[in-house]
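Next, two complexes with subunit A in common: one pairs it with subunit B, the other with subunit C.
Let's turn to the complex of A and B:
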């Protein structure tokens, strides 16, 4: 069989640009400050990136099909609270329980979207309110700490080998698994097809609704896994835990090069996006940029990233 | 009459207008003129270039070549606003009346600047002018009424009034009103009413009237231009017009024959693969019954609004049958086809008219597009094998002669003909035995057309059954074993084209 020739023009800029950005940032901060390459600091960067990456995987699939999930912040609040309550009460049983709950929350979003046929933006904004209320109710509106005797159920996750922890291993495994799901399964192929052209995909006899449902379910699952990581680091949870994550998780996905208009990008991009944001944040701290100014940088790069990756031919009117 | 202008010149004159879209020549050196107090008709088959010509006159498109003059002076339009300044207004098929506004607001939509008092809209002046123009044109509608309470013909009258008023306001000498198939959605009484109004209106305007209903053209128009394949094929004055004359001019020379590979045509099998009994859709068609035999090409003819598009969509589960029975291979499937996916699983395929947006994923390569229908079959160890994707694509590309440097080329970079072959390839791979094809050769060049016809013949030989809606009567006649003719949502007749081919005139008889 003839070998398939990929011409130069086929080199995918959405895959290359974030990689260049990651390397540039890394070099820049390493040269500016010798502390940046320290073991402790590298561990810090990985911790931060890992959390956003894991939560971002689910959102990546949702954004690839051209939808959005705005309930992730509230889901993190609810997941972390339920998780810590369950650990305190049941120990290791908390893990399977929180995974089932995460799947259920994602499924809820997907089913509402499927049944009512309203934009995902509204569905998840609405469910975000519901999840937040549940988080307040379950927690009694305050923080919940880990009971000391259950410390061992969590501490293995943050045990360090060099700069690495078990959490990072989880991130790596998820990267491999979802990279395969994305590129090698009928579901993954359908996700890209739906993102590029829902009508064509539908008229090719592929299951649109099931694909959307699974995407939102993955989002719920990944959020639950991220919640485990968050609790393992903070050893407590509160209703206010989740919301600050929302903006930066979206940023992670879009800065990596996944297009909000759907069909372009992927898990690999989200990995780079998480490293990019994490190094940026860490680097700004290390070279001493005031935290008050950092939000300006995040906001600006979200706008820049989206304007670079959006397929405007799909959007008739900018609202 | 202005000094210096020749009284023999027509008021509006379009000379040698040409226009191409990419490689499709929509108009080639077309002429059209019109005088004051005249209604000029414009007829032609779908794709003959009527709408393109009118849109050039309205400033929506720019002509590649040719010139337009009004009252002896050359004019150039860069946008619809320029055309409006010269008194040219268009009433589109898809109406531009906003439902959430009143009649007078709609009348002056976009022209509010004429009614400003220190930056504030003067409702009084708007109402006054609205009453004046409506009274002058003898339109009996209260200006404060909400537009959503108006009937279709009333909306058209409002649009006409809007154009006349604007032409006046721009000091145009004669308002020129373009009507693009204004009767498509009207009942008999409304059409009569509209014609009566147009005959009054022409006393102080010039009107260009597009319709595919020839009897309307014959009754209403003072002169008629006939377009075919983007060229003038005739201009006739009222005394010479007859429906028969227009028909033969529209269709032109009959070129049924080898172009459609008719010698490859074979008799359909005996087995009935698809049968509809008394199918009904409350918006589009009534009491539709027919059988599709194995290895048959069945054409469905009819104008826009005849219900044929909706019928084909219903067969593929895109829209639904409100009642009736559907049998596939003799098994009742009514109720179990609710989506394209269901239809797909029952062995039906659909080739949509809008190839770029509905047939293909332009930003994905050929091999991803062509294998969309068979992803499940290309799995090994639960994963879609790229190697198998490449293999089946390579085979298909060779078989149906898709010309591209690589099967990894993005579909958006292919020519129209090759794009359509990718769509056909996708369905050939699927192995589905019933294919519904909506305008399979639209916008592809002649060479690719013939290849697609050959391909359709080969598919039929392999036992696939086709339902097609062609781009022209010649195509339908040339390809089909049998031709279903639809009008106003009903099947008028089914013509057998197995032994001898009917002519286009035979078909039009049932349609117009």
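Let's turn to the complex of A and C:
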């Protein structure tokens, strides 16, 4: 009995914890150093959070259905490289092209998962190798820069109004759109159902495979959009661009309170997660914590977050 | 009756009529060996330098560290879990080990003792993996991802991210010595000995049988009263220790301890285990298959280089092979829901 009660209180805590953490961190860092609230610094925090949030939206849906997408890092490398090549060659036409390519990459993952019926872990581990190969082929294994005459194609994305940029507007629009998709559509409801119990959902006659396919496609689309944001900030791309993002994007989703066992969390949680990690990173710098400790703190926070958010009543065997 | 019917219906959902299980059963245990032999034949005929003594030595040398990590990974996969902390642990022990032998950064000279320290550090991190995994009940995937990041962070912290160049000849000798008239590399002998040792543990000891049983069906094993948590913690400690050793052997080969030494170990270790025919769901596969997988992967890479295939597409080829191998070997009936 005691154990069950503990679990119930744990779940209530889980829902509030990310929000409480964001507010606590914000207050803490603001009190420690007033520069934290400066306009330029707020812009920095939003820039960092925005990239991880946009890439994290897609992964949120994948994790909600209980799967995982490990190919996001390689996808970012491939997307950014194709995007910058296309901008150099075609200018504004690069935007629709990269979105189509992003959708195609996500669709590839989904179709392989659907046809071969193997765990998403393996599918995306394998496809990340394929995407990375393509990234190496297209880039010739080196960095590619933007040609100066195409600068206007990207510069409007980073034009600042106060602390805000057009990139942040993109993040906001995506938040609203996917919040609606998640809460108001049949697809969104099915995602939660699949995450909670796939067998029950299947017996209820809902299209499981289509839901998975769409989730992976959204992941590909959001990764492409995040790649646009990354390129607009860095103005260059290389095969090594993507992999460092992988762990932090998973962390963003998980820290926000989306459970890796599926069915719990959502886009709103990912927004909180991205703000949390970005404030943590920025705040640690602002109050002068040694940068060498940051990786350790990240690793510890992921484990702490998962141990708090995991719904253990649902999974009997922890593999 | 209705329940039985329903059970059959749900089974039919996950199985197709032509049943990949049958194919898997036919070639299970032999698939990896067949693949290895056919690769050797193909490359022997297509790449004229492939079937030579010097290239054979080369292949054994290159496969040694991969053999070590894939053996550890296989042991964990047999539990049905996974250990993603290989890059973190090997990176950390590489740096600590390099700082303990003769090097340009400080005046330490502990020689071969450093290897024992590396194994201990790896085992401690593995133990931590096991304890967090079993006691906090966090999936091994997330536990080892997080603790791997912690290990990487500690590794960066120790030298502030700078590489440590070693001058210790006894350590360098581990990687440069070739036995039997310069044919068999010492590294390979070390790796294959450990592989056989782990094979013995998995086949002939209580611990090993429990590992296979847990991978087979954890719920039943739990009902039998076996201390599942203890078995898991020991397996993770063993794999951590082997990753620690792999980190130091990398230093012996490269002549420097650096956090970036270990990048790529994870992808290769998982790939080699899967190519060797270890089912990701646990309970299937034998430890020597890890050796076959490691050598197959090395021969694949080596042969592609000799054939002049662009290095850029090699990772893609390996990725495709991982997907196809798992598609053939996975037991869909057992896992039911494909996550």
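By definition in this document, the second predicted complex is superposed on the first by the 297 of 319 C-alpha atoms of A that agree within 3 Å, B and C clash if a C-alpha of one lies under 4 Å from a C-alpha of the other, contacts with A are read in each partner's own complex, and residues count from 1 in each chain.
Going forward, a contact is a pair of C-beta atoms (placed from the backbone, for glycine too) under 8 Å apart; a residue touches a chain by one contact, two chains touch by 3 or more.
Only a predicted model underlies this, so the values are computations on that prediction, with no experimental measurement involved.
J.: Contact-wise, after the overlay, does A:86 reach subunit B, subunit C, both or neither (first, second, both, neither)?
T.: It touches nothing on subunit B or subunit C.
J.: Report for A:263: first if it touches subunit B alone, second if subunit C alone, otherwise both or neither.
T.: After superposition on chain A, A:263 lies in contact with subunit B alone.
J.: With both complexes overlaid on chain A, does A:128 touch subunit B (first), subunit C (second), both or neither?
T.: A:128: touches subunit C, not subunit B.
J.: Could you say whether A:119 touches subunit B, subunit C, both of them, or neither, answering first, second, both or neither?
T.: A:119: touches subunit C, not subunit B.
J.: Contacts for A:186 in the overlay, against subunit B (first) and subunit C (second): which applies, first, second, both or neither?
T.: Touch status of A:186: first partner only.
J.: With the two complexes superposed on chain A, say which partner A:247 touches: subunit B (first), subunit C (second), both, or neither.
T.: second
J.: Is A:202 in contact with subunit B, with subunit C, with both, or with neither (first, second, both, neither)?
T.: Both partners, subunit B and subunit C.
J.: Name the chain, either subunit B or subunit C, that contacts more residues of subunit A.
T.: C
J.: On subunit A, what residues does subunit B touch that subunit C touches as well?
T.: Touching subunit B and subunit C on subunit A: residues 199, 202-203.
J.: Using the touch rule from the top, collect the residues of subunit A that touch subunit B in their complex.
T.: By the definition above, subunit A touches subunit B via 1-2, 4-7, 10, 180, 184-186, 188-190, 192-193, 196-197, 199-208, 263-264, 311.
J.: Note which residues of subunit A are touching subunit C in the complex, please.
T.: On the subunit A side, the touching residues are 66-68, 112-113, 116-123, 125-130, 132-134, 136-137, 141, 198-199, 202-203, 247, 250, 254, 260-262, 292-300, 302-303, 306-307, 310, 312, 316-319.
J.: Can you list the residues on subunit C that touch subunit A in the complex?
T.: 10, 13-14, 80-81, 132-134, 136-143, 145-154, 156-157, 160-161, 218-219, 267, 270, 274, 280, 282, 310-323, 326-327, 330, 332, 335-339
J.: In the complex, go through subunit B and note every residue touching subunit A.
T.: These residues of subunit B touch subunit A: 316, 318, 339-341, 343-345, 349-350, 352, 357-364, 368, 372-373, 375-376, 379, 382-384, 390-391, 394, 405-408, 426, 430.
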